[in-house]
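Two complexes come next, and they have one chain in common, subunit A, joined by subunit B in the first and subunit C in the second.
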Partner chain A sequence: MYRRESKTVWQEIIKRKQCYILLLPTFLLLLTFNYYPAISAIYHSLFDWDGANFIRYIGLGNFTNMFQDPTIPLSFLNTLKLTIASLIINLTFPLLAAVLIFHLKDMKYAYFYRVLFVIPMVVPGMVVFMIWRFIYNPTSGLLNQLLISMGLSQLTRPWLGDFDLALYAVIFVGFPWVAGTSTLIYLAGLQAIPIEILDAVSIDGASTWTRFWKIELPLIAAQIKLIVILTLIGAIQGFVNIMVMTNGGPGETTMVPGLYLYRNAMYYNKMGYACAIGTFLFLIILILTYINFKYLKSSVEYQA
Partner chain B sequence: MRKETKHDLPIHIILLLLGILTFYPFVFTIVTSFKDNFQFIHNFWGVTWPIHLSNYKDAWSRISRYILNSGIVTTSSVFGVLLVASVSAFTFARFDFPGKDLLFFAILSLLMIPGILTLVPSFLLVKRLGLLNTYWALILPYISGGQVFAIFILRSFIASLPEELFESARVDGASTLQTFFSIAIPLSKPILVTVAIMNILGTWNDYVWPLVTIPDGRLWTITVGIVSFSSQYSGLEMWGPMFAGYVIASIPLIVLFFFTMRYFIAGLTSGALKA
Partner chain C sequence: MSNTGKISRMVLVFLVISLMLSSSMVIGAEKKVVKMYAQALTPREKLEADRWDPPKYMWTLEKEYEKLHPDVDIQFMPEIPTGYEEWLVTQMTGGTSPEIVWYQRGYIARDYQKGWFVNLTPYLNQPNPYVKGNKKWIDIFQPPVIASGTAPDGNIYMITGDIVGTGIFYNKDIFQKVGVSVPSIWSQFLKVQSKIKAAGYIPFSISMDLGGGVQLWGSWCTRELQDVLYDHKMSEIKGVKEPVKRTWKPGENLPPQVMVKAIKNGTYSPKDPEWKEMLRILKDWSQYWPQGFWALPSDDVYRLWVTGKAAMGWFGSWQNKPVRFDPLRKFEWGVFPKIPKITKDTSPYGGVDFPAMAGVGGVFQYAIASSSEKRGVLNETIDWMRYITAPQNLIPLLNDHGGFAPGTKDTKGADPSLKVYTDQMVKYGTERIEPFDSMLTREFVDNLWKLLQQYLAGKIDIEKMTDEVQKEMNKAADQLLAEHPDWAK
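And then the complex of A and B:
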């Protein structure tokens, strides 16, 4: 019985060999450039490794070292601050912009504002960072020049070089944060609300405020949760903003785990340790995604 | 009707204010890109005359190479993604074969792997393959990574095409490859454009991967190039050319945007779903 069944599966595979040939390029690439590095990262997190010849198994040694490394708690604390700030930002300004656009009665204007808030997203992210680096420039920067022209020159400072303010200066990049994918996602959610519901609400004479809290907000719960998880993932693993704005400085005040991983790998040749930091971040992201997924599922059931 | 428009006025005020705050840094960038240093120092806020187009010439001579590199890498990667992903998506969408669900799940599960985890081993792999300082160090991993979400999107689109189209073509004696090129691809054009834009944005804006795999300044992409260029110019206090460089670096994507606006917005929204 078993033999016959496996034989028919085998025959089926032979018959369908064309399908596997068509999938071959995809899987050859994925095995080389995606599966292998992922497995290698987790595997090598258990080794003291310079990336080349020196390799020594140390079990969970890298992870216990992480707990004794003073830079780790510092960088995770920074990431916590950045993540919370990023969550607050993404749950307020883009939502406000999307709801306002949605409440416009003239569709022409709604389209105009949507395009208006998409254009800045087309500017390469790196150019935006560079412009903000100029805004914070201690001598010629826009922010200090603005303060001077307002007669507030005592407030000027080297924003990105300030031990207390550098992290907040990085958080403030992109203000007022409305030109982003978050706005588009909220808007897509709002526009998917059935027109009958909105008509019924306006006949009932509900105020704009009630309409927002009682109808629109609950109906875009899925979009909100999506933005929460995207923001979490982005904030936990992201470090390009820190790298190009402050490079972790001044001192190590704005260090984040991603940048610390990069330094360990590229400057100190501590590949095993870098893999361990990466694995740790991966686990955090996995757990948060799982929690979010569970939460999402239960709330959908609640709605139904 | 008039009352309604009046009611919208506060909304317009807030949105326009947000718009002004968003756009001001870009406007400032463009205005300053035409200034020489004297104008920059003595008229920081205003528009000045005469404009200095030489800033653009100066910036272009420094960054044209990076734009060309980014153009080569992005174009190759995007065509690679479209080709590989559409073939696989077509296979998953239109055929039944043993292990299909498992294989598809194996691809999808990669969406859960964050880039930060694979950064170090990927770098060491590319180094061992002798690809450091070549376009291949960027193109191959971009195709490999980019195809994951592309397959996911394309598969559901190609699966939604009516089977009769494929059936009648087969009856007429068309081979699998012919149905792929003459039916699946032409009908998927809008979604292919969306996928392409998503990948163009991702590739063009990537910073960390080219930074680690391309130490040679001649092969730098625009993101890596612009950071080095900025440090040089702001160190020399050459603000006009620096801002001209930012404008030049932004032009390719802005041009693309105006030609493909509809797909662009779709690409941006679904690009966000990817992460």
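And then the complex of A and C:
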């Protein structure tokens, strides 16, 4: 009878030392640049700290201040709007693009469109934001010039300077939102569906809509779950688009917690307070990720 | 070959490469490296996109200096177009900044206690060997210029070596076409703009964008207007009986500690009629600014003017060279270096000339990082600074840039086209209330600009605006008092 050889963890590690040696740099980099700053931020959130010399323990003082700071609820409300918009966008447009590519009969065209949707990903995000900032420019921007040339000059406005529209103008950046990682993730999910299932559906005479709704969508639930998590994290933490395009303005109409954190850390010398905002964001993301894992099904299995 | 053997070989190759690299570093370490972030004086080659020649004279000075000191290697960092303040904070906090950094002299009161910068007072009292017969380095500068880098502890932390000015640049062709002339009083100024607007031009190019515009033009506008409108109340704010005269000497105006005290005892408040008058005048003027000025990228302010879409713009002496050589400009231009006077007819608090919007320290305001001492290059860094501040080097350096007048006593050979700005400054003095960002806190200033945007865009009324500013002002004053308890005395 086969008897499994019992080995200690250390013996296992020594046996596979080559793998561990190769993984070591990655772990070191992760520890240095990801885990250490995160743990340090949680620790420093309990201090009144200017980032340089002055440091004083204040317990939960920074968190108490957060709840009295009028910019905090306003920025979180903006984040909520941005998150909902990002979820709607990422769960519809890229999915639609992926399904359309997947359903193309000619593989040459499928490959062509896949490449076409991937190419814009090589353009740095910052460049995209700068281009859109130019599109929205109030005096010489493409959008206003287009409206003027169409005889709709009454519709021109300072898009990023409009107190009521600025946030929506930021959301609109990247329209039609089909190029990017989300499309590729959905496409990978669709391509992983066993061909036998799709053939069986065709033989049964299911319509395209039924095939999408009853077969394809449930079978890419794991991809949807991943997109939901990535979108949540991106929307809650992200602020580069806001910083480049509006810097939180006009007034505070596009302020988000990430940008407010950054301003407190970099401009106001309130590193401790910035750490507290970061810790709070971390907790929110943690809870949302847990809910996502707990209540969103990963996949549906079909039995013949 | 076994996997272990392959790995052993890889490790060996890695070690050999590491040894080679470290040995080359040892060879390089023979020279002492002094790194400098020279901001707008950073030398660089002309790019295809450049419409005028970039500065290069630092390279000339570098070569000459290295010939004199073969053991020193001067290196210039590339210019950082955006996010410089964030970059500086991280570099200073990590102790990895270049030896010499460009720094806003006004912020020294805020940051000197952080231990980022070297106290230069002892060095300034030693001779500058590059200036013939000089006994103390400090003596080569005009006293107000070098004194501008003084922190509240009485020590100088900055080498400030230039003078900067601003003025209203105008399009003479548009003025002629519309039939208007340079206004001398505020009511005429508004009438001129009204006629220009009626002719289909943007009267005045300006931005109050949070990305940079409001930090520049918002600051200039509020400082200039406050100086005029609060003129009768300056002594009360300063807590003295004699009149507070305008000078161009920093430190003789109303320093932060005086303003904090005035805020706390209520002699200076956004609820003052003078403050409200400032807001009213600004709002009235803003009807002649570009559409959506609160979101107009600050780069577009110059572009609107130089392409002939806007008739006027408020620019600095640093635009002197660009305007002269810019191929986009197809019109005759002029500068009126002073804002037209607000008379009693316009405002009950008017009747006083505007001060010159000028000052000491433009491009040549450098601090030396404390980390240079740890790296063992402080003496070399100081010596390089002595070399470039010697008038025979500083003046051609500033002329090469074309936008800043020298702040040394010896100004022989300085660009005469900049004289208009320095004359205005010496004649009229500069504003007595310091910019909000050096007077209070950066957080206060950010909140003030956000509120100003909302007020100018008609989103909040004057009462709401001033109530909110008062709250923010009190908060900033309390924070500064907590940081500087001696200011309460």
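In the analysis below, the second predicted complex is superposed on the first by the 260 of 304 C-alpha atoms of A that agree within 3 Å, B and C clash if a C-alpha of one lies under 4 Å from a C-alpha of the other, contacts with A are read in each partner's own complex, and residues count from 1 in each chain.
Going forward, contacts are C-beta pairs under 8 Å (C-beta built on N, C-alpha and C of every residue); 3 or more make two chains touch, one makes a residue touch a chain.
Every value quoted in this text rests on a predicted model; they were computed, and no experiment measured them.
When both complexes are superposed on subunit A, subunit B and subunit C end up clashing with one another.
Of the two partner chains placed by superposition, A:Thr210 touches none, neither subunit B nor subunit C. Shared-chain residue A:Pro37: touches subunit B; no touch with subunit C. Touch criterion met: A:Pro138 reaches subunit C, while subunit B stays clear of it. In the superposed model, A:Arg263 makes contact with subunit C only, not with subunit B. When the two complexes are overlaid on their common chain A, residue A:Ser202 makes contact with neither subunit B nor subunit C. Of the two partner chains, subunit C is the only one touched by A:Arg157; subunit B is not.
In the superposition on chain A, A:Thr92 makes contact with neither subunit B nor subunit C. Legend: residue contacts after superposition of the two complexes on their common chain; A:Pro250 is shown touching subunit C, with no touch to subunit B.
When subunit B and subunit C are set side by side, the one touching more residues of subunit A is B. The superposed model built on chain A shows that, among 27-35, 153-161, 261-269 or 297-305, the segment of subunit C colliding with subunit B is 297-305. Shared contact residues on subunit A (touching subunit B in one structure, subunit C in the other): 18, 51, 133, 137, 140, 262, 266.
Interface residues of subunit C facing subunit A in the complex, by the touch rule stated above, are 3-4, 7, 85-86, 89-90, 92-93, 113-116, 202, 209-211, 290-297, 300, 303-304, 309, 441-443, 446, 450-451, 453-454, 457, 459. Those residues of subunit B lying in contact with subunit A across their complex are 4-5, 7-8, 11-12, 14-15, 18-19, 21-23, 25-26, 28-29, 40, 44-45, 84-85, 87-88, 90-92, 95-100, 103, 106-107, 110, 112-125, 140-141, 143-145, 147-148, 151, 176, 204-205, 207-208, 212, 222-223, 226-227, 230, 234, 237, 239, 242, 246, 249-250, 253-254, 256-257, 261, 264-265, 268-269, 271-273, 275.
Within the complex, the subunit A residues that touch subunit B are 9, 12-13, 16, 18-20, 22-23, 25-27, 29-30, 32-38, 40-42, 44, 51, 93, 96-97, 100-101, 103-106, 109, 113-128, 130-135, 137, 140, 142, 145, 149, 175-176, 178-179, 181-182, 184-185, 188, 226, 230, 233-234, 237, 239-240, 243-244, 258, 261-262, 265-266, 271, 274-275, 278-279, 281-282, 285-286, 289. Only residues 18, 21, 50-53, 133, 137-140, 156-163, 166, 246-252, 262-263, 266-270 of subunit A touch subunit C when the two sit together in their complex.
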